[in-house]
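Reviewing the structure listed below.
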Amino acid sequence: MSVAPEEPEVLDRRLDAAALDRRLDAVWQTPRGLWAALATVDHKIIGRRYIATAFVFLALGGLLAVAMRLQLARPEARVMSADRYNQVFTMHGANMMFLFAVPVMEAMAVYLVPLMVGTRNIAFPRLNAFSYWMYVAGGIVLWGAFVFDMGPDIGWFAYVPLSGPQYAPGKRADIWAQMITFTEVSALAVAVELVVTIFKQRAPGMSLDRIPLFVWSMLVTSFLIIIAMPAIMVASTSLILDRLIGTHFFNPAEGGDVLLWQHLFWFFGHPEVYIIFLPAVGMVSTLVVTFSRRPVFGYLGLVLAVISTGILAFGLWVHHMFVTGLPRLGESFFTGSSMAIAIPSGVQIFCWLATLWSGRPVLKVPLLFVYAFLFTFVMGGMTGVMVASVPFDTQVHDTYFVVAHFHYVLVGGAVFPLMGAVYYWFPKITGRLMSERVGRWVAGLVFVGFNLTFFPMHLLGLAGMPRRVYTYPAEMQWGSVNLFISLSALVLASGFLLFFWDAFRSLRHGIPAGDNPWDAPTLEWATSSPPPSYNFARLPVVSSAYPLWDERDALSVATGLRPDRREVLVSSVADARPEARESSPRNSIWPLWTAIATSIMLVWSIFTPWAVVWGSIPIATALIGWFWPKGVPEDDA
Amino acid sequence: MTRRLLILAGLLALAACKREQREVRLDPPALDALDQVALMPNGIGGAPPDVLPALGRPYETNAYQLSQGKRLYGWFNCTGCHANGGGNVGPALMEGWWRYGPDVQSIFASIRDGRPHGMPAFKDKLTTEQIWQLAGYVQTIGTYAAKTAAPTRNDEMQSRPSESRGPAGADIAPPSR
Amino acid sequence: MTARPLRLPALAAVLACGGCGTPWQSALHPGGAQAGGLLDLITIFTAVCGIVWLLVMIVTLLTLRRRRAGIEAPLPRDEGTERRPRRAVQAAVATTVVIIAGLTLLSFFVTRGLTADDPQALVVRVRAYQWWWEFTYQDPRPDQAFTVANEIHVPVGRPVRFLLEAPDVIHSFWVPSLAGKQDLIPGRSNEITLVADQPGVYRGQCAQFCGLQHAHMAFLVIAEPPDRFAAWQVAQRQPAPEPATDEASVGRRIFLARQCAACHTIQGTTASGTLGPDLTHVASRRYIAAGLLPTTRGSLAAWTADPQTLKPGNNMPMVPLGSDELSAVSAYLTSLR
Amino acid sequence: MNERIVLDVSHLTLHGKSSASVTWWGTFAFMLLEGTGFALLIAVYLYLESLASEWPLGAPPPDLGPGSVLTAVLIASLVPNYLIARWAEQENLHKVRIGIVIMTVLGIVPVVLRFYEFPALHISWDSNAYGSILWALLGLHLTHLVTDLGDTVVLAILMFTRHGANKRRLGDIQDNALYWNFVVATWLPIYVCIYWVPRL
Amino acid sequence: MVVLTPFPHALFALDLSRPGAPVKWRFVPEADGGAEGLACCDTINAGPVIADGKVYFNSLDGHTIALDVATGTMVWNVRTASLDRGETLTGAPLIADGKIFIGNSGDDFGARGWIAALDAQSGHELWRRFSTGPDDNVGIGPGFQPFYAHDHGQNLGAASWPPSGWQHGGGSVSGTILFDPVLHLLFHGTGHPAPWNPDQHDGDNKWTSGLFARDPEDGMAKWFDQIDPHDLFALGSAEPGLAIDRDWHGAARHLLIHPDPDGYVYVLDRANGQVLSAAPFTTVNATRGVDLATGELRRDSNRASRFGTMTRDVCPGWPGATAAHSAPSADGRLLFIPVSRLCMDMEARNVSYIEGTAFVGANVRAKSPADGLRGALVAWDIEAAKPVWTVPEPFPLAGGVLALGGVVFYGTLDGWFKAVDAESGRTLWQFHAASGIIGDPIAYRGPDGRPYVAVLAGLGGSFGMVAKSSIDKRDATAANGLANALQDLPEPSDPSGTLYAFGLP
Amino acid sequence: MAARAGISLLVGIAAAAVVGLACVAWSAAERRVGIGQEAKALTGGDAERAPDLLTRYGCAGCHTIPGVPGADGKVGPALSGLRERVYVGGVLRNTAGNLVAWIVDPHRVSPRSAMPATGITEAEARDIAAYLYQH
């Protein structure tokens, strides 16, 4: 018995442009209505939601930061209790790391990568929808718990034994651990989609040396996620097992080990920094190219730097544990490796500077953020070199010096490029430009506010102020600097407020952008802004890393795909030679049901281990519904 | 109907949040009132102080209070006589059967005033609130239904299935080693 | 130290940060050899990194010299113009490698210098509890060992070896003016040796998040000339003085009869609890409650009456004492010098 | 923007096989991340062993019986697993149907055997860290057995419906076979860890 | 025959001359129930003694009582131990020289050990000497001549402790007190230092876990030999052992044969306290032998209990390698030792001394040794310092041994009363009693002139507690961890005590 | 399209905020009710009757009392947060019985207190104590 014969095909080359657009839109569109909105698998809609949700969490996390600064503005202040403060700083860290920084970078990629590689949808679009719902559910669980005084209060790093069964009563630490599960499931799913999209769905001709740098950085990031995040899954699962059913992974009396937690956590936690930072490297590279009006200097060097950063990222987790009394020799090794990562970072900085140096920089808002990034991130890198030194670290570890350092790296190194990227890609996503004038104010307020807020923290740390204290005695005389920091934080917050306002305003009132307002060279600008539901009427074919600069008159495209079903092109990994026409799944509500079933199981499992058994039945049912063939043209092969 | 369901869900959520509150300072009048346990003449049973239900019976349902009770159990030498619930000089507490009554006020009275056959009075060694915390925890050791707020293992030698693994019936096998 | 002049930039930083803090708990105000060495290291790192940063920033600003107001057509690719930047980038990367290698070696040697073992060292066992410190001065004769809380005295010039143990959660032992920090980890034993060069009062604080009152977990290190230290040691070995006044004797009776004695030890009385700090000479310490309140009769009374308002969540319960009982207990505690 | 047609892809096959298909790569990526998880758990096992004064901790080494039988069954299952992948490649639906039924049975047997393995460990998960890591290793692998079994069962049912005769479904069979190889491959180091490391 | 029941002691006098041995009289003292909560190892009592027409016994709640043996009327009743401080009386009084010697129990409650002498006629206390504290408390004066150098010094009973640690340092005198009419000395052992957590009793902890020789007249110490300085595992050395005068490598000596809970048989010269030989009679892994030159016990640092860590598989574990009375063979060549081969895991925890509450500070989990045999009867060649034969037993032996002619009698926890051949260890006869046996078998000649062996069956004591209904064996630390090691100890078919008397052929 | 997404996002945030505020308000209200029950359990009095008594007996003239109109006297200490205090009148432990005793006759406790015995009966004092423990 053989496979059913293929139906006669309708191919796009027989259709004129208007008819093709009509046919494609009929197949790819997300209809109006709530149900359709919940069932959509369009990477642009999901990516937009993802980005918006991540920014909502940024705003919420920012509010927590402001609350902390209010509490710390004066010594022995009573703005909030110690218990509340501990929840707030834990929420701030966990929220920013797991609900903002990682998701927002992946969200940008979910939106941009398929466009940049010239395909019609991300690989595994339903998994993409599922991952978004899981992410939202994780956020709701964490914030819902916080509203009900059940927010985790153990720090975002949740060190045992403080987070263990004996010292963290109640469900607060379990909430943290399950929030990790939610966000990691979602992050891992997106990472898999991105890897496969980048490997297999690139436009014909987009060989490895023509991949846009942002896509390169997302590829490395996705691999980092795939290899690093299982560590935190293992860690948080063993924590919840310790707490729920009394295993002994972290109980030294019964053969467990307290430091095991730290090893597992930082084996994830350090690459995590690069998971957040590498996408920003891609964004900066993109912005630098567009706004210095020249191809990037040292493409190969940058790619190698990104890859080596990714590899080195796994070799320095111990530098978070320099004061735990590990063997001296090991510490020295990790000093060396931690400092060594400065070298690829240096390569990146130097390449960008060389690009800008030999280009014709245009100081639009996105590039302003790149300069803000260079200023702060290089400083963060310098303090990074400092804390990589064991003896230096023994003085500043767990002080405000480190708080300053990683905010310089994460805000300066990732949020500034991200804001630049938002200004840059906002017209792509919405069809309208954000305000250049307001943007300059935003950049100024955020840059000045940030440095005024965080620079003094270096000094506070050296002056002996530890982290994670809900207050400090008046006689320590840290009060005036803290007051200054708190006031500066308001400047920073106002910058973000302005940013949000600008974004909202520009959605409706921004200047219409046209397809390619920045005259950028990469494929996402080859289609309309905002792009149609099918991204490209005919899939582009590229012959350079800067297709829109090198072929200014007309875009090379491929033809021969079916317009009556969702079809994408699969190409080979190295040289992007077309290999197959692959169908892409239709919209489906099942990812949502699966996410709901999974969420119920995960939350239930905080209360009883049996939830894992009974809760998996609805999940299995939903998964079968997800994968069961529905007899649509996409089932054809 | 939906509204009623919503209200119910809200109440449940609030009950959950009460389970998580960390009340570290009991108001002094409540502290005093908690000492007013009306025991039956034989020192067993009776009524808890009125303020206990008004406070929401935190010592039996609140995770923080239960875990404080567990710390006190170790700190005030309960283990010396009752082991980790299995008993030694003193009787076992795990089997959920108490000579002087299983209700929390009887346990409170046992700890506060002591009992014949060797249970010393802890009146002047623990404060009233601490005795309530301890009583709530001790009751948890032997309850027949697992409490979701109950603590699990300690960071020390494994001695028995955790408190949250109720019921304390015979179906839980002893830890084998 | 070998590199005194290096302290000048650090001093400048301190001046620039006038209100940053007090010299008794600051990495910038060393009171001992280790902290001094670390400050030198901090200074070198800051100087080197600062210069590098400055150079990068100059280049960054210089890239703006050819900036344009509007978006122009992209520049044509020209391999010829790439040569100079390529050389510059190569040179910069090479310089980075050299600097990084230098700093790594430097930090390695400083680490080695910090860990000299001294058999003459005074040995103090540290146990960090949620949220206070217990220090036991070890002695070959067990009855000469003594235990204090939240305040230690050390002789100037003599190394002190601290054996670090954590009975509950992870804490971190940090006296920035004397040395870097070291964690106290349940199930593991760490140690740190430090030496004070100058007499003075140095403040230490727990540096690892340890729960509700992590912020209020400080201790004092008082460096004294050896003779004064010896005198202090002799005094600490004595049992608590007998109460001198009637009120204090009443206070002692209440202390011993009520909940206090179940948690605290007062040598020379029957109070031998080990759950809270040893109070034998509590009034001789500068602070109570791990750096929260200066030791005065008022503070002692306030702390006894209502510890949960002052340090919410700490393990000392509110003991219901009558007003006259409170007064007596505070009189007794004040007499424990 | 103007378009210039430079390529016609209409001749390309619908749904590529193995490395030309996205699901193959997706499966591969999931294998990579789950393999990392297994590797980490094994690292945890070895780490705990390196800390312990004795190993196994407080228990005799696990009985070899059930674990070894399970290992044998898993290794034996590789043969029909290889064949079913080949039959799917050849689009031989009849043989695939036979193969998938065999694979279903060979999926159920290890799951059943696993429940004899737990008691053979002679230690409970809450006895000590050694027990915990043992149960975690077996539990994680059991999860993989069960999920792949579930996948196999669903595919088996599919094969007997009208959806079976479809290249895409046969591709799923191949991916499922690939994943089964992974489940077997991850088991072998775990088997060595649990049953032979304590006997070294 | 007089039988004493456990707390709250009732005393029965049985008339053996009549068939069925009916009760002649009974006596029930007024008791303080609080004592039950203070007895470390069940509400046991080592029994009454009869002398000069009176029955003397100690009650758990701290009274020493004398009764008229004929009528059961009380002659005097003196409160000798303070329950408030955790002291109880479980040992038997010793009568010698017209004095009653008693010692306390209560190590696990931090009670200071003491031995006291009472006037046999009036119950008036003549002297009382403590096991810890300054020299005048302990009874150390110029006549104190310990054999080993490390026992010389001023006030070592306080100086070898952390400050004030001796005030609640244990060292009880709960075992047998031995009177030696030859040298006119008293010998007694001292219990373990309190608490169990060794971290809280830094130092050598004089004079706990050792053997005292005292002058019965004034209680002043003659010598002391510390068997287990800084006793890490709360083993103690409560039982002094046996005084035997025999040849020792050719010369006649006054020996004290002391099988210690730490697993060694010590042979001491009881005139001066010199250790002549010390050899292990069971599996020992926490120590590596005894240095005969200094008398010191060599410890294995890998199995040193330390604060906050778990020490696994310490052998012998609590409650010691032997806890019951051994018996010598008739010729004094062999010693029959009832052995417990239990090991343990121990975790030291911080503990506060709170008067009247348990002062333990350890989680303990006793367990079987690797071979699963938890007990043994060992026939020990005293001079060769090695076992001659061993009878393995599934359960630890908690009761004493009776050697009568060529036969050795002993009872087991699961209720077997056995007679074995003294030369070979071959089982000659066994009987299954209704309950486990923890008492010493005794032999007597009945009114009918026939010899009898009697033994009281009734499970109790540290081991027997495990079978009590108030112990939940799911908790491995219950009954100080014995619940874990004795999971399979059968519940006695008859929980009350039964006296069995067997006629001998 | 994008604007629509933005608006729905705004609506979503607003809805979340409303739900969150409602939750907080609900739990605050619940807490108030709880405190009322606690006060009743502690004192056995009825707080509803207290404001009238507080004015009638002149308490309001000397004390600032939360929730009682016109009670802003400066003669004695303010009576807010009374249930959190450790001592009443600086002499007695703050227990319900002591507070009632103090209200009925301060001089029995502290002869030199400036507070007069106002003639409040014990039952009325219970109502007042309930009120004070509620605010």
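General observations
Letters are used for the chains, namely A, B, C, D, E and F, taken in the order the chains are written, and counting of residues starts over at 1 for each.
Throughout what follows, a residue touches a chain if its C-beta (ideal position, glycine included) is under 8 Å from a C-beta of that chain, and two chains touch if they have at least 3 such contacts.
Because the structure is predicted, anything quoted here is derived from the model rather than measured.
Between chain D and chain F, the least number of touch steps comes to 2.
Contact with chain B and chain F alike is made by A, C. Farthest chain from chain E, judged by C-alpha centroids: A.
Set side by side, C-F and A-D show the greater C-beta contact count at A-D.
Inter-chain spacing, taken between the CA centroids of chain B and chain E, is 38 Å.
In this assembly, the C-alpha centroid of chain B lies 46 Å from the C-alpha centroid of chain D. With centres defined as mean CA coordinates, chain E is found 61 Å away from chain D. In chain E, the residues touching two or more other chains are 308-310, 345, 347, 351-352, 354. Counting partner chains per residue, chain C has residues 186-187, 212, 262, 275, 306, 309, 312-313, 318, 320 touching two or more of them.
Residue positions of chain D touching 2 or more other chains: 57-58, 126-128.
Across the whole structure, chains are in contact as follows: A-B, A-C, A-D, A-E, A-F, B-C, B-D, B-E, B-F, C-E, C-F, D-E.
Chain B contributes residues 153, 158, 161-162, 173, 175-177 to its touches with chain D in the complex.
Contacts from chain A toward chain E in the complex involve residues 252-254. Of all the residues in chain F, the ones that touch chain A in their complex are 1-3, 5-6, 9-10, 13, 20, 23-24, 27.
Residues 84, 86-87, 90-93 of chain F are the ones touching chain C in the complex. Chain D makes touch with chain A in their complex at residues 1-16, 19-22, 25-26, 29-30, 32-34, 36-37, 40-41, 44, 47-48, 51-52, 57, 91-94, 125-133, 135-136, 150, 154, 158, 163, 165-171.
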